[in-house]
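Here come two complexes built around subunit A, the first alongside subunit B, the second alongside subunit C.
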Partner chain A sequence: MAIPNLNTRATPKPAAKSLWQEIWKARWCYVFMLPSLILTGMFTFYPIFASWYFAFLDWSGFTASKTFVGLANFQEVMGDGLFWGAFRRSFIFMLVSVPLQMLLSLIVAIILNDKALKLAPFFRTMFFIPVVTTTAIVGIVMSFIFSPFNGPINRILVNAGILSRPIDFLGSADTALWTVIGVFVWKWFGITMIYWLASLQTVPADLYEAARLDGAGRWALFRYIIFPLLVPFAIVILLITAVGSLNVFALVQTMTGGGPFYSSEVMEVYIYRTAFGTGGGGSVPRLGYASAAGVFFGLAVMVITLLQGLAVRGMRARRAS
Partner chain B sequence: MATTSVTSKRPNWMKARWWFTGSRPRLVITSLILLPICFFWIYPFLWTVSAALKSNGEIFAGLGLVPQKLEWSNFARAWTQAHIGRYFLNTVVITASSVAIVVITTSMMGYVLGRYRFPGKRIVIGILVATVFLPQGYTIIPVFELINGLGLSGSLLGVILGTSGGTPIIFILLFTGYFSRLPHELEEAAIIDGAGFFRVFWQVMLPLSRPIIATVAIMQTLQAWNDFLLPLVLTLARPDLRTLAVGIYAFRGEFFVDWSGMAAAATITILPIIILFLFMQRYFVEGIAGAVKQ
Partner chain C sequence: MNWFDKKEKLSRRQLLKLVGAAGASAYLLPLVEQAYAQGISIPDSGATLPSDNVTLRWVDSGDQKAVFFNEFFAAYQAAHPNIKVAYDPLPWNEIAQVVPLGIRNGTAHDVFQLPLSVSGAQAVSEGWVQPLDDFIPNFAEWKAKFPPGIFLPGITDFEGKTYSFPFTSNKRYGTHLLYNKAIMEQAGYDPENEPLTWSSFREAAKKITEQGNGAYYGFIMGGNQINRWADVVRGFGQMAGAVGGTGAQITADMNFLTGEYSYNTEEYIAAVELLLQLRDDGSVFPGMLSINAPQARAFMPQGAAGMILQGPWNIPQWERDNPEFDFGISTQPLPDDGDVWPLAISEGGANGLWIFKDSPNAAVAGDIFHYLGTLEGQTQWANIVGAADPPVMPESIANATLSPRAAQALNMFNEQVKVGPNPVVRNPDIVQVTLEMRTPEPSFAQVIQGLYTGQLSDVKAQMQDVQDRYTAELERAIAAANEKGADVSRDDWVFSNWDPRSDYGAEKYDEL
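== the complex of A and B ==
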């Protein structure tokens, strides 16, 4: 076995060498990348392109025949009120859960970042526990916790005199989506808190000291010292949290199944329902149609992410000038 | 809450010896506020474990968490009648296999990306980074079709492959970062001893990356154990291949009045992962913090 350019970083690259020689010399590198590239190719890249292809088909899955129907699926998606409902709810989900999750976890992270707080590791562990638990199980358990029939939450609220009679949190169209959002924030709170804690630990301790010696108040310390240092992390955390808020299938499906009357149906549930025909009423699975909905929604998310990125860049440029 | 957070910081005029005594009341108050919050935070899990040990009539009878009499039969009933035993085995097989596949493939990939320069490397890294933020739920239809097309829809192998192929890009980046920081003298000695490319990796570099292996293995365990959409879709036609998450979801549809049996099944699912987390917390936290720092 030959050793490919092991020390290339230490020694300057020899100029007179053809590309093929370099590739041949590094052949083991390509062999090592192969298994991973095959897996990502199959389960990440192929699906992205295949979704586009399926979106132009009338296809009910398995061995059923695929008929090319052009833009018909997209036209139908545009005219479907349930699609727009799910579309709107997915964005409501994101716009409500992301700020809530980021702000609350930042507050707790700042509290727990205090080294003098002896119980901080214990609190951190407690806040993190929901993150590691199986989402589908959490959803099922929560459907009992929020049950109107003597479920613990209703019992506590009624016993405390806050409610006169139990609320059907998951069974009424007014509260179902909000309850799921609340549980979602609770479930993933811990992960955002860890992101914040990791970011806070990059703030050098002597900065605090220097600020204190200058007589900076606590709010000033946060506003002028910690906050600016957190901004680059905050952008990454925002992105991760926003993408996370689109991955809600397990929780919504197990808590409400999108109901009642589609009032909590988000995009992933809509896609699942139309693709695999589990909406009841003996509906036929429509993989082509569901792909069109997914592709359209994916595009919308991408455009919004790009706009967000441009806005952030614009803001920075203005601040710099 | 916000004021508590800020007030718990030591005032600047306090010298080191006042550090402890001076700020103690504030810290005690902070702790006293946080303790009940933490109790309510994990209350749903306490409720689940308690319900798993109660009789069906007792669960919704009151708020007390301590059962009158421990009903261990709930577990036996869930394990056999609701097939939780089989689902447990399926989940263990899927999780263990996907961890093995993911650790091997991502460590190899991260190794060459972290330590070698070769044509096309920047393109590979660029493409990988671009897909980190791709939501998983929107690719389920092609994955479903692919597994069917490969003829794997009737076996656990399909679920294993799908679970392994889902999200390992961040793991690759963790390995890349770690390997690129190791000193070059390490493998030079091995090469002088006549070790080839593969042996340098297997005998020198891989053992050194144990902390990252642990982090990746634990994160993938979490991912595989808790996955729902993929196993749900892949086992629609094969109930015997269900994982715990999918099985208990189906359980609710079939035995919807057996709350204690369901709570027992839920406990069987979440307790192992919580225990794993409590013992391996450091690696969980490092894996997650690594995502931000990359």
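== the complex of A and C ==
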């Protein structure tokens, strides 16, 4: 059956604009976007695509000769125990540092959000100073602070009778990674605190007052007023903090270099070591192999994040039903 | 009383005096520097130098070289007012990035040292560099004055041309004993007159630690600098009789009498166990695993440890920066049975300099290389640098004014270090094996560190594992090189006419 075209005459169809016309219309927007597009292309997209390409090469990174080896680098990466060790440590780093950083900074933010606290701006600044201090400098200074020879931490612990002999925090396989995690949390704690403070300030003051009038204590105020309002912010802060916990190169490199004997080697340090041959004792640079490790790790993180997202969605769906 | 202790405010008069002094020093300093620099006289080499204004760009790994070159370039510029030298002393990790990037972009320095991970053969085959023959005046005559083992085919020379100039000697080693004299004397040892043995080294470390009672310890080293572990075990093992090479992976720890690696030898295993014994005795500086070699070096003048196993580059540094630090130097602790073997080096020269293939200032570089390779230049080098980087010409050591410690170190090296065979010189195709060879991970050095931290156990089994992995990798690299057209066999590593107690000169290769 033919369908009569009822509208053809009543309302004439507006002339369809081509994509080019649309772009031309908004040309100034594109012109203004151009500098950042070019820079993003050069410094974000190009390195990403280049590392995908390099991952298929046997290439030191400095010679002209590059050999296409297909998936050989990926096969080698998957068979390398040191890669999996670094992979595991990167996740340990994230799983330990993120909750610690989120929780501690939330507690401090809630305390500092109290208008009755006159010294709040001072403490805020104090907590924020490590964030703006150069990471490499923090790493070097911390290696002095944790030194077992005249380092203040060991001295305090020994003088207080807690330790009988100084501990080499950064030189012992049992403590190196945990010490770096501790310093990382201390260093970046201030920025998470600022995020929390910003989100706490979105809670309207009259809500607090109303709850207080209803007789809500500190815990009830947090549990029923602050917490539910913070949840959407918490998800964003969690994401930012989790991504930050995978960017730990400068701190690990300056504090332990991934040692002793790989015990604090996280993925970034592994990639750096294999890319530039900095393992000592005659290591050779292998940019192709390091790229494969980086690509594989990136994909693995992506898959884990997707699975996590699916799990959360599944849980929500189950709860809703 | 210290000026700052007076806790007074700066008066106007004092301020004016200070400003005046600062101003005067700003004027005077260049004059003083110039006068000092004039101590170096540079004879005319006969080079045809540019007459217009040029800038020679030079990058090397600095350290003691920077001490010399800062002074030398000032003198060179004074002698050639139209030539400016832009000198960049950089740490090795920066050289590893700056040099290859500069070459790729066509903006490399005129003169550079190669990154540690790039061999001369690679630089030549990649076309990074150009031969020196045409730029150094009276080249043949100049080259002939060097002792044997400095210019070697496959190392400095390629297809009959000379590409690199190693202007210092490799005859040194990085694990000899340097000690705090007062602490050592108190413990009852005098290594200068009675060298320590493995046993007395361990005893001394223990005694010093007890004596220090937490204020200082027996032995220190930069334990988070991975290569130091290999250096110490290699030095001890080889001096005890597991003779072999050093340097690149195709020569390091290779016994050229058998063509096998030495990792599983009794001597290497005993050397690792000695380190573990020092650890178990509690004689080692407690933060040893979290400091690198320069940090360990800096702890010595602070009185944090009695002994360190390090190289001669510590001597001028401590003498200059810590003149109050009374330290002695001695040989690396000797094997208990008294059967001491020399250490072998794979090539005679060190600090090879290369000229960028597109350098417009190669003539200037050649003129400077010429001076560095004359007896006068070598003597001047020894005067300024001392034992840290020994000059390549032995006569210049006799001519130079050296500190007693530096002279002692250089004499010790001449006795304890010999030029060993180099498979690349014998068969240039081995260069292709070096390109294929990848150091197995965990490396020899990392395994020793793992044993020390307790993350690995069973020294013998671990050293056998290192031996097997390194041998397998060498064989794989040889097979890969042969597949690409090289003609190499394991026999190329066997030098039946090698006497580890004497230098292996060019004539020895002809006998093979």
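The rule is simple: the second predicted complex is superposed on the first by the 287 of 321 C-alpha atoms of A that agree within 3 Å, B and C clash if a C-alpha of one lies under 4 Å from a C-alpha of the other, contacts with A are read in each partner's own complex, and residues count from 1 in each chain.
Operating definition for what follows: a residue touches a chain if its C-beta (ideal position, glycine included) is under 8 Å from a C-beta of that chain, and two chains touch if they have at least 3 such contacts.
All figures in this text were calculated on a predicted structure; none of them were measured in a lab.
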* Partner chain(s) touched by A:36 [first = subunit B, second = subunit C, both, neither] -> first
* To do: Once the structures are superposed on A, label A:276 by its partner contacts, choosing first (subunit B), second (subunit C), both or neither.
  => both
* Quick one: classify A:261 as touching subunit B (first), subunit C (second), both or neither. => second
* **Contacts of A:140 with subunit B and subunit C, given as first, second, both or neither** => first
* With the two structures laid over each other on chain A, which partner does A:68 touch: subunit B (first), subunit C (second), both, or neither? -> neither
* Of the partners subunit B and subunit C, which touch A:212 in the superposed model: first, second, both, neither? -> first
* To do: Would you sort A:50 into first (subunit B), second (subunit C), both or neither based on which partner it touches?
  => first
* To do: Scan A:128 for contacts with subunit B and subunit C and give back first, second, both or neither.
  => first
* Greater residue coverage of subunit A in the superposed arrangement, subunit B or subunit C -> B
* Once the structures are superposed on A, label A:149 by its partner contacts, choosing first (subunit B), second (subunit C), both or neither. => both
* Touching both subunit C and subunit B, counted on subunit A across the two superposed complexes -> 61-62, 147, 149, 151, 276
* If you look only at subunit A, which of its residues touch subunit C in the complex? -> 60-64, 80, 82, 143, 146-149, 151, 165-166, 168-173, 256-257, 259-263, 276-286
* Structure fact -> As the complex stands, subunit B meets subunit A at residues 1-2, 4-12, 19-20, 23, 27, 30-31, 34-35, 38, 41-45, 47-48, 51, 60-63, 101, 104-106, 108-109, 111-113, 115-119, 121, 124, 128, 131, 133-146, 148, 161-162, 164-166, 168-169, 172, 184, 187-188, 191, 196-198, 200-201, 222, 225-226, 228-229, 233, 236, 244-246, 248-249, 252, 259, 262-263, 266, 269-270, 273-274, 276-278, 281, 284-285, 288-289, 291-293
* Structure fact -> As the complex stands, subunit A meets subunit B at residues 1-10, 13, 19, 22-23, 25-26, 28-30, 32-33, 35-37, 39-40, 42-48, 50-51, 54, 61-62, 107-108, 110-111, 114, 116-119, 122-123, 125-130, 132-138, 140-142, 144-145, 147, 149-152, 155-156, 159, 186, 191, 194-195, 197-199, 208-209, 211-213, 215-216, 218-219, 221-222, 233, 236-237, 239-240, 243, 246-247, 249-250, 253-254, 268, 271-272, 275-276, 287, 290-291, 294, 297-298, 301, 305
* Structure fact -> The residues of subunit C that touch subunit A in their complex are 93, 96, 100, 115, 117-118, 122, 126, 223-227, 229-230, 248-249, 252, 285-290, 299, 304, 437-439, 441-446, 449-450, 452-456
